[in-house]
Amino acid sequence: MTSPIDMTRKIPVAVLGATGAVGQTFIRLLENHPWFTVAEVAASERSAGKSYAEATRWLEGELPANVAKLTVTPITQDAVRSPIVFSALDSSVAGDAEVAFARDGRMVFSNAKNHRMLPHVPLLIPELNADHVRVLDAQRKHHGWSGAILTNANCAATVAALGIAPLHERYTVTRLFMATMQAVSGAGYPGVPSLDILGNVIPYIADEEPKLEAEMGKLLGTVQDDVIVHAPIRATSHTNRVPVEHGHTVCMSIELEKKCTPEEAMRTIDEWQGAADALNLPSRPLRPVVLSYRPDRPQPRRDVNAGGGMTVTVGRVRADNIFDLRLVAMGSNTIRGAAGGSILNAELLVARGVIPRA
Amino acid sequence: MTSPIDMTRKIPVAVLGATGAVGQTFIRLLENHPWFTVAEVAASERSAGKSYAEATRWLEGELPANVAKLTVTPITQDAVRSPIVFSALDSSVAGDAEVAFARDGRMVFSNAKNHRMLPHVPLLIPELNADHVRVLDAQRKHHGWSGAILTNANCAATVAALGIAPLHERYTVTRLFMATMQAVSGAGYPGVPSLDILGNVIPYIADEEPKLEAEMGKLLGTVQDDVIVHAPIRATSHTNRVPVEHGHTVCMSIELEKKCTPEEAMRTIDEWQGAADALNLPSRPLRPVVLSYRPDRPQPRRDVNAGGGMTVTVGRVRADNIFDLRLVAMGSNTIRGAAGGSILNAELLVARGVIPRA
Amino acid sequence: MTSPIDMTRKIPVAVLGATGAVGQTFIRLLENHPWFTVAEVAASERSAGKSYAEATRWLEGELPANVAKLTVTPITQDAVRSPIVFSALDSSVAGDAEVAFARDGRMVFSNAKNHRMLPHVPLLIPELNADHVRVLDAQRKHHGWSGAILTNANCAATVAALGIAPLHERYTVTRLFMATMQAVSGAGYPGVPSLDILGNVIPYIADEEPKLEAEMGKLLGTVQDDVIVHAPIRATSHTNRVPVEHGHTVCMSIELEKKCTPEEAMRTIDEWQGAADALNLPSRPLRPVVLSYRPDRPQPRRDVNAGGGMTVTVGRVRADNIFDLRLVAMGSNTIRGAAGGSILNAELLVARGVIPRA
Amino acid sequence: MTSPIDMTRKIPVAVLGATGAVGQTFIRLLENHPWFTVAEVAASERSAGKSYAEATRWLEGELPANVAKLTVTPITQDAVRSPIVFSALDSSVAGDAEVAFARDGRMVFSNAKNHRMLPHVPLLIPELNADHVRVLDAQRKHHGWSGAILTNANCAATVAALGIAPLHERYTVTRLFMATMQAVSGAGYPGVPSLDILGNVIPYIADEEPKLEAEMGKLLGTVQDDVIVHAPIRATSHTNRVPVEHGHTVCMSIELEKKCTPEEAMRTIDEWQGAADALNLPSRPLRPVVLSYRPDRPQPRRDVNAGGGMTVTVGRVRADNIFDLRLVAMGSNTIRGAAGGSILNAELLVARGVIPRA
């Protein structure tokens, strides 16, 4: 992870929804970031005016000292002045707030679902669809914004899309069956009550299946005439909550347009590097997708931190009895599938010069 | 659960592999059984000659007093004299041992995989395929046995087959995608090390997928010319181990020959009673399959004991994006999926008069 | 569990705080109760006016049909008319509400901490201190109530007190060291977030240690001059939350006034029956305290349902290096330690004739 | 963690019992060690002759490439030639094997219990009792060894001793009550079956309590006349297994000879640095003991990796009702309490010049 940028002049960034679980992960990942520095933290009225340390029930590791003492601001474009805005807002407020920032000229990198499916809003994974950034001019023109909104996908969709990306690029995925086993951290904090999940499986996550199915097509889509056209993938899914802390596991059966053997598939996954654009971004892992040859991997507790939480591990590549291939993909829902994904997206925009270096 | 039989003259039964986890479940379920009484317990050389209490690390609840004092015998047809033999043997020894008992005139009800796929051996679930018993004469003739072997299916296959049985009977399942989340008790004792499964998912269970896929066709098959002909179902599966004590959950996408709406499917499941033959068997639950209308059910910890562990709970019946329907089935792997299933099978044979009442 | 009362004329009871976790346990345990029938369910303004089924997210098993259709009433003595009132109210509202009912002539059996330590309010465990009921006249006189308030102890205190009661009666406990490992259900629903407790221990439960320590003395105290005088036990405690669904485990080191060997202690525990008054109460288990001789018991998952959740299991009785004895006690926090304990208390009052049979 | 030693000439070390869980942790921690390099791996006959990769079911992270290809040797002083020997042997074989190596001139750093309590064998924690190394000459003379055996303590004893060390040094601990909640990794692999511990507590660990109690006195003892004299601490304990992956938690009530307030105790813990000898050792964490001021800490899942697993976190310092103080200590059983502790011990011997630099 190289950082060719002048480290003495980092770009100030703001985190919206900074006190929640995703907001905290942003702050944790941005500590010591080579290009960005957390200059502002914004949260709901209840927290505004307090110091961040005071306003927050910090969940994991140590709260970075420089952020601890920041004063929490309201979530308005007047109170928050940073040119880059990471949004960890709840979808109940993200819609209007993010638009207000985009209209005001900011680059908004959002985890919320609100704008994900708009045709001019990239659902961005740099290794996979960096060129979706090309729709930004149309976005600005269409909406009349001087800034822009870029989104990252649902956490399970991110893992699934990266898991099949190498195969899709070469063989074209046409139909896709998915069954997920998702970690409790995907539900935020306090999230899932322990009485519901200890020693149990909940075969349902509200609104998750439609999101997962719809986002796969957009993530693997292409840019045509300034809009993102979905890949013609038919996807169906079963989403489940399991008593795992971090790491979403996705079992997939895949139909391919061009046929390949499991061995060819494994070689393809093993060789895949992803889009060249992403290669030198600071948060980009050595390998965005790693193939495990052990028969019983990937496993969330053992593989979730691969590549600092930015690598998706794929395993059990084998023939399917109905479609062509079966495999399992697993990745971090909190890092790659949320805050880490957003940060990587922002890095791509800086590297491409869309966002000026400080 | 009625018991029209004379309780003063119960049929003596033997449990082979009595000290293991499945063997213990047999003994627990047979305590106070209206028709059967555990007269003999057989286990490996290491245990033979000891009292059952001494030879066994009893896992759940209280060891029934009358069994505690039985002397463990070797697993031979000379040492074990009961007419009904429940086999909880490991597949490494079940093959020869079960044949020896069948040849010697005993009715062997087996949990082992060894003889499951033989064309004259029923893979029996009374509510589902009671008429498969019709192949027994051919079995005896073909193998030259005076007794017989009847098997119950793999625990996940049992849950899946009961879950789709109501739909298959009316609409005919043609293709089937399954993803399982299986409890640790399915691996026996000591089974899965806690270091492997605490807060984790293992996306692999050795040899499970081929068994699950193959057994579905046989379970839902028909008898033609004295052999069981598999239903032409194409099945594919992903089997996973999860940190759940008891209860296997199976997510399924189902293609049907005759189309139906989710509402029709729900009505069909709700009305299903299973084969009339099974109705008055002592271990038969009030309902072999129960439909839950709650959006987040079935759940293993909350539903595994439905019908005393003999009922499979089905939920989340909805349309599929690729096939026709999606649903989730969950049932007890240790009761319905193992010892309880075998006992129900033996009850069917007694009720049909194949096994004479004492 | 005998029920000599005329079952055709059950006593109507009300459950206050009926929609919460403890309220639900009351309703579950009172289904088919031989003496009581749930006639009224009361809850906060938000729920009042709805049917109970509509107002409640039912957590365990099936909601009893007769209660499902009851209309939830407000928590006022005008709206609720039953002579017996079980209070599962949160301590933030229990104080005033329970007094209002007692003043109005009702017998209030409370799980809340608010009135537990008042000198005229019994902290009742029938097998242990049934004669504490003698202070009720003084309570009425002192407070000017025509009804009364009877409380049951903190769930951990209940388990600990029953665990040492046999020894205290014969040898007198003088000093007591306790370390608890408490189930998540002790915190109610939604209670402990799964992100806090999966694969973790939280060595702190807010306000638990002072309650546990103070209540031990009162539970084991005696009635003198119409007030309950605490036993002079010096108690110290460490309370911990562990990833267990139900069942609080308490490790104890005990100093005794009269010395005894571990063997004598075990015999004493084994023989203990508790107060004769309690013997024929419907919810009284066969044995209030059971001694396990297995080296690694009691265990919450395996022993929590002993005696229908009303039996405390004691094990590992051995010499202590500082005090006299060490042992482990484990019992159900939701049954014996909460709703079941309250119901048993009400049964005692009926059996003693303090509450008239219907 | 400074490393003033010439890194081009590392000291070759051997790991005995290299394929087990503790052996693997040694290999993981020694990867990139500035002073030591794993030159030899020894294990039982069954593994000898195979490559380490072949002989081992590697549990955590990636197997270091240079060790993967080493050939496993038998556990004999002829086959193993390294001057430093880390013993992760099971106690059933450690006794004789370690003596054989010590007699042959090797410095043996052992995790096994066999020699821990011998009066001339240090039970070493460098920050706590570095001067116990002074008995080594007497050890050699007494046993006629040209090498030596140094042991590290039981994992729970290590956490408890470091937790109270700051207070003991200043105020002298005289009596000590301990209740532990120990992680499953303390039982090795496969260790605790998941069916025993999922959602459960086991209030018993075989042989653990006597070890824990006895070792506390030796760890905190002093050297007099060439033997280690135990500190006159009376200790009693309750040891429990809980469903936690890594990290032992110990609740303690402490009696002190010189009284102090909780505030003074906290200050004392906060200021403690441990023996100066340990300060520059490579594996020594910045702080061997860290005081947490949060009310609900330490917690194993959140604090076990403090100081790379070498720091013990102490919290909840408060007054005790019977003794003087209560507190909770938590630390890594696999790092500080096992392999990491041994490595630190070896570093101390190198830094003191007892072991010559390569």
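Couple of notes before you dig in:
Order of writing sets the chain letters: A, B, C and D. Residues in each chain are counted from 1.
Heads up, the rule we're going with is that a residue touches a chain if its C-beta (ideal position, glycine included) is under 8 Å from a C-beta of that chain, and two chains touch if they have at least 3 such contacts.
Note that the structure is predicted; figures quoted are calculated from it, not measured.
Common neighbours of subunit C and subunit D under the contact definition above: A, B. In this assembly, D is the chain whose CA centroid lies farthest from the centroid of subunit B. More inter-chain C-beta contacts link the pair A-C than the other of B-C and A-C. Shared residue numbers account for over half of those found at the interface formed by subunit A and subunit B, and the copies are therefore classed as meeting with the same residues.
Subunit A and subunit C have Cα centroids lying 48 Å from one another. Taking each chain's centre as the mean of its C-alpha atoms, subunit B lies 41 Å from subunit C. If you average the Cα atoms of subunit A and of subunit B, the two centres end up 43 Å apart.
Each of residues 198-199, 243-245, 301-302 in subunit B touches at least two other chains. Residues 175, 177, 179, 181, 198-204, 213, 234-236, 238, 240, 242-245, 249, 251, 253, 295-302, 315-316, 320-323, 326, 328, 330 of subunit C are the ones that touch subunit D when the two sit in their complex.
Note for the complex: subunit A touches subunit C at residues 21, 59, 184-185, 189-199, 243-245. Of all residues in subunit B, only 60, 198-199, 245, 301-302 touch subunit C in the complex they form.
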